[in-house]
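Here's a structure for you.
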Amino acid sequence: MGLERAFADEPAFVPYLAAGDPDYDASIEYVEALARGGADVIELGLPFSEPIAEGSTIQEAVVRSLDAGMSPDRFFEFVEELDVDVPLVCMTYYNLIYQYGSGQGPEPFVEKAAEVGIEGFVVPDLPAEEAGPLRAACDEYGLDLIFIVAPTTKGDRLASMMDQTSGYVYVQARLGVTGAKDDVDDATEESLARIAEWDVPKAVGFGIKTGDHAERIVSAGADGIIVGSALVDIVAEGHENGDPADEVAERLEGKARELKAGALRGAEQQATAEGS
Amino acid sequence: MGLERAFADEPAFVPYLAAGDPDYDASIEYVEALARGGADVIELGLPFSEPIAEGSTIQEAVVRSLDAGMSPDRFFEFVEELDVDVPLVCMTYYNLIYQYGSGQGPEPFVEKAAEVGIEGFVVPDLPAEEAGPLRAACDEYGLDLIFIVAPTTKGDRLASMMDQTSGYVYVQARLGVTGAKDDVDDATEESLARIAEWDVPKAVGFGIKTGDHAERIVSAGADGIIVGSALVDIVAEGHENGDPADEVAERLEGKARELKAGALRGAEQQATAEGS
Amino acid sequence: MSSESKFGDYGGQFVPEALMPAIEELTDAYERYVIDNEDGFMDEFRRRLAEFGGRPLPLQRADQLSARYDTEVYLKREDLLHGGAHKLNNALGQVLLAKYMGKERIIAETGAGQHGTATAMAAAHLDMPCEIYMGETDIARQRPNVFRMRINDAEVNPVTTGRGTLKEAISETMRDWATTVETTHYVIGSIVGPAPFPAMVRDFQSVISEEAREQIVEKTGGLPDAVLACAGGGSNTMGAFHHFVPDDDVDLYAVEAGGSSLSVDEEEGVAPNSASLSTGDEGVLHGARTKLLQDSDGQIMESHSVSAGLDYAGVGPELAHLVDEGRVTPVNVDDDTALEAFHRLSQDEGIIPALETAHAFGYLERVAGPATDDRAAEPRDEHHDDLGDTVIVNVSGRGDKDLETVIEETQKRDLDIAPDMSIFNEIGGGI
Amino acid sequence: MSSESKFGDYGGQFVPEALMPAIEELTDAYERYVIDNEDGFMDEFRRRLAEFGGRPLPLQRADQLSARYDTEVYLKREDLLHGGAHKLNNALGQVLLAKYMGKERIIAETGAGQHGTATAMAAAHLDMPCEIYMGETDIARQRPNVFRMRINDAEVNPVTTGRGTLKEAISETMRDWATTVETTHYVIGSIVGPAPFPAMVRDFQSVISEEAREQIVEKTGGLPDAVLACAGGGSNTMGAFHHFVPDDDVDLYAVEAGGSSLSVDEEEGVAPNSASLSTGDEGVLHGARTKLLQDSDGQIMESHSVSAGLDYAGVGPELAHLVDEGRVTPVNVDDDTALEAFHRLSQDEGIIPALETAHAFGYLERVAGPATDDRAAEPRDEHHDDLGDTVIVNVSGRGDKDLETVIEETQKRDLDIAPDMSIFNEIGGGI
């Protein structure tokens, strides 16, 4: 019954990696390491050549992955080959979804994604207004479509987004693009407050870097944390230094544990706060 | 009684050199060599920084002379120092004449020129229309002012020029600027025909290079030949090769003899033609 | 004017959620100030376009070209606009709009540097801080334009990702905007991007055809048979077409960059051309659904053209729509023909065009030029071997920015028409 | 219009006899075609100036400068003329006149290359073969303009004599003319040379003040208090002044290049400035009596200015006369102040001026700018510390041609106002 289940018991840790970064085989290892480290949902990026919503960290991951031969078909193979027991979400840009198969619309892509076990989509360049066809295809194949609530999203837009999002809602912690930051933005709390009434889980992303961040975000009311750039940084560093994939995988697993632990601490504080 | 006397008995050979080219002392030798070679009048160039009527040969002579320190005052010294028994004409541009002394007009320059023994002027950038003040000064000091008749000079201009020129008239053999050429232009004969009635001697210049040229020009009716670039070429070559000044002087003398001889041959033919 | 957000199926607003409120705010401002002339916005815009920009610009009869092509050729002289290209029509409009909206900062992307220089000039004129994103490769090959932007006191931010060209610069500018959207206006340089940009940029540029239509009627007593304009994103194109669109008898030709070839290298993801209208297919790029150069997966290709300003994988959604409707005919001209046309216009008319612009003249030559051996081999386009008796060509910009490129590319090719440049060897200094 | 051959004692025709008939022929043609509009010459000239050149050109209120100087500053936008400077007004007029006269070939000299490019464009436009003489040194430092001339299919003949700059190029062109005078017209680039050139060039350029006078009256209801223009030979200057000369209340300022200093080095024959109106004295150069930079012997000095187009030892005889009459005030601005003014106009108004033009703005700053420590030290010109309430500055040309020079000269000086150019170091490639 959808991705909500991953948020049911405790705050969810939702890591992101670009599939195929820096190459197909290593990337399989890395994703599996995240699962071992406690991921509750994994967002797998299918790289698009013009990632307008990404900061430089993820943009470079996208370039590495494309250079290593990633494509939609390879992506589906990748997903099939993964040995993880965690729901998978595909994060990509609309043109890849639209062109797949017929080049006539999202349906073939969604069908194929469902077939390999993808459970939902995040599509950063697809606002609610343009999402009709993809929403329909997702409904047909039983997949979730996750929308992003930005700090600037208010009023009517917010309402229409509430109607459309399913699985969870991606709360963008700050203005801008993806990328690890050192602070927690006030905008996060305000955004969470604005959507407090929504009955989907609220996962906060954009800039979460450490267990402490995770803790603060969850204690501020988030149902989960989404972490991308902080993990991609580890992949990038390993790649640059020529470190063996298993070492990098271990580091990723460690980072995952730190983040998950932080989220859990945050949940305790929240419980305490609620209890008081 | 003026420069006419130099044309009285036989066709005159009128060589030109830039005074001070390539330096003061050598130039003295060269001018004296021309006198020995049979010059009847010598045109001495006083270099001006913008010699708009000169071709590249004389222009470069002007540059050499200026670089070696030639100036109006040095020019007058130069003339005084010359040991030649030939009438001297100063060829220069109007601004130098105008600025000398007061900077108020040509009179001081003419006075000084007369004092050192100059007998006339050729001023290529001073057409008859602008020549009033210089003409007046020349009259005052008993100097000739020689005008240039170009192939394009016709009608009224020609008439007014006849009134103003004295000593001789400089018949420009072809359109353009000074410079040695290999042929004799039809324009020469036409020009001579146009001024046949004038009672001043007619000296033809622009492009005369060899004794044969000289012969043909004189046989066509000229009373004299003016030769500049062909002589300056010898100076330039000597300078470039670093030849001793006396060798160059000898070559100049030889060239002068060749040209004078050509002129004399031309006169014989003319006499024959007239006699027949 | 109208605030269409879709043109048939094309257009739309495919942007990150964070930008949507800005885009709504902009749509609102566009409707109020541009369409409804609130606070006299359009009056001020037109006054500044006249005083600062130099409008109206002439429609000139081209004497030698008219003789060569045996047709009346008229030139719409956007090359005379301040800055040297039509780009200022749009840049001035948007910077002024940003001022009316209370924004404090201007950002823009640029490829060839023409839009960047236009934006920098407009921002200096209107006293707004300005930053321009430009690919590293483009910075290196368009130095004079970078100088000009800096001299107008705009920051130039080098974009080092990808190939370092326009595509990457647009992405990077969108990223900046997503971070600074509350205080900043993003001045898009062509009729591309999310709504309302395509319609708004077109409206600012439509002064071209507004003037041209009046001028041609005044000069010839009637409408032209054809209007030709080069098409990169398509802003000079729609600017030149807009007021003729309702005139069904006026043929509209969008001349794209054929580059070195119309075929593509799927493997490398490279199209050696920028002919998205002629050869691209539908997809979503930089906020809009339009015609694109993309591989079968939907990845955007690297486009190519000898002219940097046409070197873009997308095209304005309105043009895509008008092509599908049959109202606009997409054609293309390759690098060689464009270079030849560059030299022809320079030599025959004393107008050195931008290389972008030269493409439009290349098409004129191909269709109406004297027969040549080459041309006999490649048969003329069947349906338009006759442009009619009166043709307007939009001279979208001047070529000062392209001199070095032209000389280099000309030397590579040994074109008959090219002037001898050996004077530079004699004098030394190399190209 | 009138065909003065003298302006007071200045002017005249100091040229080789071989040229006199050509000059008489030209005088005749000037009187018939230009003054009497025979065969509709002036109508065709004005039509082509409009269609090909882009006239009329705006008179723009400069918002930021008006605020800075607390006076209404209006810009006459000759920078928007085709080719980028006022030079085309004259070049087009003369090439057209040559055509009416039945000449078959055009020659011209050029220094900065602006007159050469204008002539090359006009010749291409009117289908006349064209050769341009240009000093070797100028060819090396004005490469873009040399490219433009070649691209317009003009021959460029390098002049290797002397320092290889404008002075030598003029002499060389006169030499060509003396050889080819029957078939060839020499297009002189400023209000210099033998009559009828000074009056004729002024007449072609006077369209500047004809338009400006109408425009200022229309905009402000009255005449300006002052008109400022830079002066090299003085063609943009007289063009901007001509129709205001009878208006005694309008002050006319000719701003010369003060270079690095007003003092001269007699020994070397070098004046480190081009301030012939301010510091020169009467003499004869290039066919006319005028004010000159010369040594006490009458040899012409090498002039200097950071702006190649002002770098000339003479000046138009009409300006010399109007200065003697007290109608025109000669002032000068040094290299540093001109560079500063270049940056100020670029940054504050979004107009990158030619370095020549920048001198006029430098004077505005000196007289009306905010007090600075520097300025306190050098006291303001006593008689004109107030330019009045409305000032027109002639923007004689755009600065694209000067970018490299400006960057180099700015770096030498470390001016406060200069933009940081380090982006070029980051990206590499050097200046």
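Read from first to last, the chains carry the letters A, B, C and D; within each, the first residue is number 1.
FYI, a residue touches a chain if its C-beta (ideal position, glycine included) is under 8 Å from a C-beta of that chain, and two chains touch if they have at least 3 such contacts.
Because the structure is a prediction, the values reported are computed rather than measured.
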item: If a chain touches subunit B and subunit C alike, it appears here; value: D
item: Centroid-based (C-alpha) most distant chain relative to subunit C; value: B
item: CA centroid of subunit A to CA centroid of subunit B, Å; value: 96
item: Between subunit C and subunit A, distance of the C-alpha-averaged centres to the nearest whole Å; value: 38
item: Between subunit C and subunit D, centroid-to-centroid distance (C-alpha), Å; value: 34
item: Residue list for subunit A, restricted to those that touch at least two other chains; value: none
item: Where subunit C touches two or more other chains, by residue; value: none
item: Chain-level touch network, classified as line, ring, star, complete or other; value: line
item: In contact (per the touch rule at the top): chain pairs; value: A-C, B-D, C-D
item: List of subunit D residues in touch with subunit C within their complex; value: 50-52, 54, 57-61, 63-64, 77, 79-80, 82, 84, 120-127, 136, 139-140, 143-144, 146-148, 150-153, 156, 158, 343, 346-352, 399-400, 403-404, 406-407, 419-421, 423-424, 426-429
item: Subunit A residues touching subunit C - in the complex, by the definition given at the top; value: 48-56, 59-60, 63, 66, 71-73, 93-100, 103, 124-127, 129-130, 147-154, 157, 161, 172, 175-177
item: Residue ranges of subunit C touching subunit A (in the complex, touch as defined); value: 12-18, 20-22, 24, 161-162, 167, 170-171, 174-175, 178-182, 269, 281-287, 292, 294, 296-300
